[in-house]
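Here it is, the structure, as structure tokens.
In order of appearance the chains are A, B, C, D and E, and numbering begins at 1 in each one.
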Amino acid sequence: MFRLEGVSVSSGAETVLADVSVAVGTGEVLAVIGPSGVGKTTLLDTLALSTRPDEGVVRFDGTAAWAAGRGTRLGVRRRLGMVFQEANLFDASVRRNVEYGLRVRQSWRERVGGAIRGRLLSNRLVGWLRRLRATVGGDPTAPDGGSAGRSTAVEEALGVVGMADAADRHTASLSGGEAQRVAFARALAYDPDLLLLDEPTSDLDPRNTAVIEEAVATARDSGIGVVLATHDMHQAERVADRVAVLLGNGVVERGPTAQVFEDPAEERTRKFVAGELVY
Amino acid sequence: SGGSGSGDGGGDRPGVAGETLTLTTTTSTDDTGLLDELHPPFEGMYGVTVDAVAQGTGAALETARAGDSDVVMVHARSLEDEFMREGLGVNRRDLMFNDFVVVGPESDPAGIEGMSSATAAFAAIANASAPFVSRGDNSGTHTKELAIWAQSSAEPGGDWYRETGQGMGQVLNIASEQGGYTLSDRGTYLSQRGEVDLVILVQGPIEGGPDTLANPYGVMAVNPAVHDSVNYDLAMAYIGYLTSPQAQDVISNYEANGKQLFFPRALSEDPDFQQYVPEGWSSSEGR
Amino acid sequence: MMGPGLDTVLLGPLLVEFPFEATYVRSIISVSLYVSLIAVALSTLVSVPVAVLVGLSDFRGKGVLTSVINTGMGFPSVVVGLAVLFLVSNQGPLGALDLVFTKEAMVLSQFVLATPPVTAISLAAVTGVDRGVRDAAHALGGTRVDTALVVVKQARYGVATAVLAGFGRAISEVGSVLIVGGNIAGADGVSKTRTLTTAIQLEARQGRYGTAMVLGAVLVGLVLVVNAVVVRLGGRGVGG
Amino acid sequence: MMGPGLDTVLLGPLLVEFPFEATYVRSIISVSLYVSLIAVALSTLVSVPVAVLVGLSDFRGKGVLTSVINTGMGFPSVVVGLAVLFLVSNQGPLGALDLVFTKEAMVLSQFVLATPPVTAISLAAVTGVDRGVRDAAHALGGTRVDTALVVVKQARYGVATAVLAGFGRAISEVGSVLIVGGNIAGADGVSKTRTLTTAIQLEARQGRYGTAMVLGAVLVGLVLVVNAVVVRLGGRGVGG
Amino acid sequence: MFRLEGVSVSSGAETVLADVSVAVGTGEVLAVIGPSGVGKTTLLDTLALSTRPDEGVVRFDGTAAWAAGRGTRLGVRRRLGMVFQEANLFDASVRRNVEYGLRVRQSWRERVGGAIRGRLLSNRLVGWLRRLRATVGGDPTAPDGGSAGRSTAVEEALGVVGMADAADRHTASLSGGEAQRVAFARALAYDPDLLLLDEPTSDLDPRNTAVIEEAVATARDSGIGVVLATHDMHQAERVADRVAVLLGNGVVERGPTAQVFEDPAEERTRKFVAGELVY
């Protein structure tokens, strides 16, 4: 269970979020909707422990993250997958990007080994090392643990978004939508417990949007909690279990999806969803 | 003589006031501060400026060779003679002298203290393989050092002999840090005596040592027949001033740390004097 | 070397009584600043356009050119000094201009020394500018100059660092200014081509380490002031 | 200084017959490379982490700190040389280590000189890294070290330029290595602490400009090779 | 009339567009739709003269742009307004961004004058200069031409997207949707003849989307040609007069909006629009 409790965030002199509380459980999709500039991204950043709130508590399974030590927070972040509003891909190959989450979760020993196997050593040298390992008592045919597991997960995650063929391309050459799909694969690859999605299909055509939405549903069904910031009301209706509506500086309405869309408690919610809200 | 009237300003100007004379000299001359005493009277006399550029001996002569300076003051007789022989200089005059001393650590591992011969002292240092720090830079001092080695029975070389290729001040420092011997001009040694752990072990002629350790300074004008852009008239005026009783007085009165650094030479009874004579001229026309 | 100050007893490496007359130090500072600032200004005028030109275009041999520019950062100052000396010397191609042992010759050699670092670092900064921003500057109707200005503005922090690196190199450099300038000061203690660095070297050569360090502190203080001013101006520029 | 080669007649500024024995030149090159490469390697190890640390955090006085780092690019080498000399001289705090006039002392002074430019330029490069990429490295589970590695990788072109600038400064510098190293060569022509720059300076002081230029060309060639290797390695790194 | 005639573009070894022709007239909105990575952005870049096609002609009112000189192309670019898929804002204030197009269309004299008045001179100094100008014969109360006109247009363009209050903010502090709206204002401010919009509402909520769509309609009605790359089929239906469908390497279908959406000639078009196309 992941939650914000009475969180206030300001940037500069401006208050962005005031006394906001939201919670998302495992196996649940929470959609956060609201107009441009209301604070959806800020809310997700706060959940991701990237932004420290001025007031309030960010709680993960009961632990107040900012009151705990850096190690605890690292542990929390390691349970998160995040897709940013902008793709924010690293200037490297698609594979390196999608690997990133897995790589940083490995020990240095595994990482260095993987790097050497993957990049620096020629096949001949690898064979030589295998034989050496065999001589000193190991099993030369054993898979390379980390590295092999890594590449399987990477391929799988890229397969989900239809980008498996692009693994060796450099991110600079991706189209807007392709970049967004790679960013989704990157957040998925290491099997997080909480998925934070900031407008994950904003640059995608209907078919690719459906693919991402299916992936979200699958994640939810396998017990992953999802927070989805979106301006696409139809998308929220399609995938969310619950909806929180941000207006002004806080959550003006929350509840099961059907209720919020069909029978909102607030007139402002109805207007916003209908595209009529002038603020 | 051959180059008269070819000065920078030409003859149509009323005087030399406002002109600049460029002097290249060695760092050791400039470092003593003597030039700052010598130049103001000359500058006042003619309303000119003297730009003193302190370089290594070789570089000072090279600059003059290129015609970038008007007059040179160095202390490396063999190089000066070569400069004159090549027809690059005019009117070399002996100016002053001081002397070299052999300095080393107080402990004096080679036992040279009080020797009256520099060659013998060098031989003793070589025999003891005691550290010796050489300028190694073809300066006047280095030239002198090599001449002494050549006269001595010993060969400089091996681990104990270190070439530094630096100025005298730095060499004194290195000798001090490494507990080594070196050959130094007296002026630099005196001005740095406070900072280094070195004592004079063999004196130069000023304090009764051998004449081999004398260090004469000469001054030469650059030949205007080679470089018509040099300020020959002013250079000659400068040489005339330096060799006059007035300037020679300044030299003999100049002291650092209470010690006289230079001894005038230009007004001796038998002044040393070289003049450049273009090839093919009869020697009688030389003056 | 100034008469009375000369024999001042050095109390210790940094606890020196300042042995110079104010005019002497002032004139040295002004020569240092004159030479370094003009040289760096000229370098900037040349380097930044070159960096933008190279950085924004793709051509065969760009890698080689980059290596050559980077190599310029390792030009030994003595060699640059000698090269400039050949140029301005009496018999050199610029001999007629009579530049040997003048501030102008020093500006020239400092210019040669400062230009490669300013260019190389600006190039790195310009290369880092987001491609999309460049495209926007172009597509929205900018000329090549407009695009270049946008790129330089985006890279302003890096470019400012480049200029400061060039300034640092110029004002701290001693090898070339010594050769082409000659370290000349009048007998009255007014510097003609003596800079802080050549004055420091002069003091160090004579073993007067204390005064050398004091002049060094003056130099570092000067650089700090210039840097603070540039950072200040740069900081103000961010908003615009 | 090398017996027979010494008196070789100089034919002209660049048309010299090379007057050195190969051992002499080889040993000088190896001292130059040894000192510069080790110093720059150490500088890089210190500078890049410092640059990342300063670049990625916000704190009061960051502007001042940046100015101070930039100011370091203007440290006069003679002063740095003197400071290191005090440190390592017999009476200095490190006197017991007997480092005066050794390559190790030269490494120390080159380290002091190279670190500010490497830090300042890396800092500029790191500062230019897109904020979103940093956030991604952090949010996707990276430790501070992981984030730093991502940032350095994003800024690799700038960081490489920083390292090359430091290398350029170290290998071309003459003031401090002369003071702390002493420009010592044995009578057999084997360099102990003589570098290409101090050798060049030695030739120049003697007016042997031609040989100075030849050694300068050797130095520039060396820098070019090192730069080409770094650019090559950097170029390969881009794909990964 | 702006058109691509038989244009082919490749990036690296890959052919992105092969033999593509499209045209857009004045007062007309052309929607370009197609799946992620098909080449919509590439097509817009080609129209914007940012990408030079390998083959084919880019023609503006009859002039082949790449056959003409640099000056002609600059003239063409000066008739364009472009909103990129990513906001691509300059690292400066919102005002400076929106001014950009106007600024580069001014002479250097006007620009320097405007910069001095706007930034360097204190009010006191401006007053002093005014008096000076009066003394030497000018009219001290005359408006500052360029600069004043500039700021009016900027304020107007920002007003259209509801960002007038943000003129003095730095772009780094904008939310994703705010940045997109500023980018739209930037393209609008100098009154272009052809507006190239690459997913201009991808990060916007319904209300802001409606605002942009209204602005597009207004532009069209005042005789501006618009090319709109979008993955939002509803948006295409709402605002486009004609639609071109990109699939594979080229345009598989084109025609009036209603025809393409309701009675497509190609089965693939129907499938793509319905979000069923698997490619």
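The rule we apply is simple: contacts are C-beta pairs under 8 Å (C-beta built on N, C-alpha and C of every residue); 3 or more make two chains touch, one makes a residue touch a chain.
Just so we're clear, the structure is a prediction, and the values are computed from it rather than from any experiment.
Chains making contact with chain A as well as with chain D: none in this assembly. In summary, the chains found to touch both chain B and chain D are C.
By C-beta contact pairs, the most connected chain pair is C-D. Centroids built from CA atoms put chain B at 79 Å from chain A.
Look at where the CA atoms of chain C average out and do the same for chain D: the two points lie 18 Å apart.
Averaged C-alpha coordinates put the centre of chain D at 49 Å from the centre of chain E.
Mean C-alpha positions place chain C and chain E at a centre distance of 44 Å.
In chain E, the residues that reach two or more other chains under the touch definition are 86.
Of all residues in chain B, those touching 2 or more other chains are 55, 170, listed in ascending order. Across the assembly, chain D contributes residues 130, 179, 201, 204, 209 that each touch 2 or more other chains.
Touching chain pairs in this entry, ordered by label, are A-D, A-E, B-C, B-D, C-D, C-E. Taken in their complex, chain B has these residues touching chain D: 55-63, 65, 136-139, 156-159, 161-166, 170, 174, 177-178. Partner chain D is touched in their complex by these residues of chain A: 45, 48-50, 74, 77-78, 80-82, 84, 86, 88-93, 96, 100-101, 104-105, 119, 170, 186-187, 190, 196. Against chain D, in their complex, chain C makes its touches with residues 13, 63, 66-68, 70-79, 81-83, 85-86, 116-117, 120-121, 123-125, 127-128, 130, 155, 157-158, 160-162, 164-165, 167-169, 171-172, 174-175, 179, 196-197, 200-201, 204, 209, 212-213, 216, 219-220, 223-224, 227-228, 230-231, 235.
Partner chain A is touched in their complex by these residues of chain D: 130, 132-133, 135-143, 146, 150, 153-154, 238-240. The touching residues of chain D, counted against chain B in their complex, run 1, 89-90, 100-101, 178-179, 182-188, 192, 194, 198-199, 201-202, 204-209.
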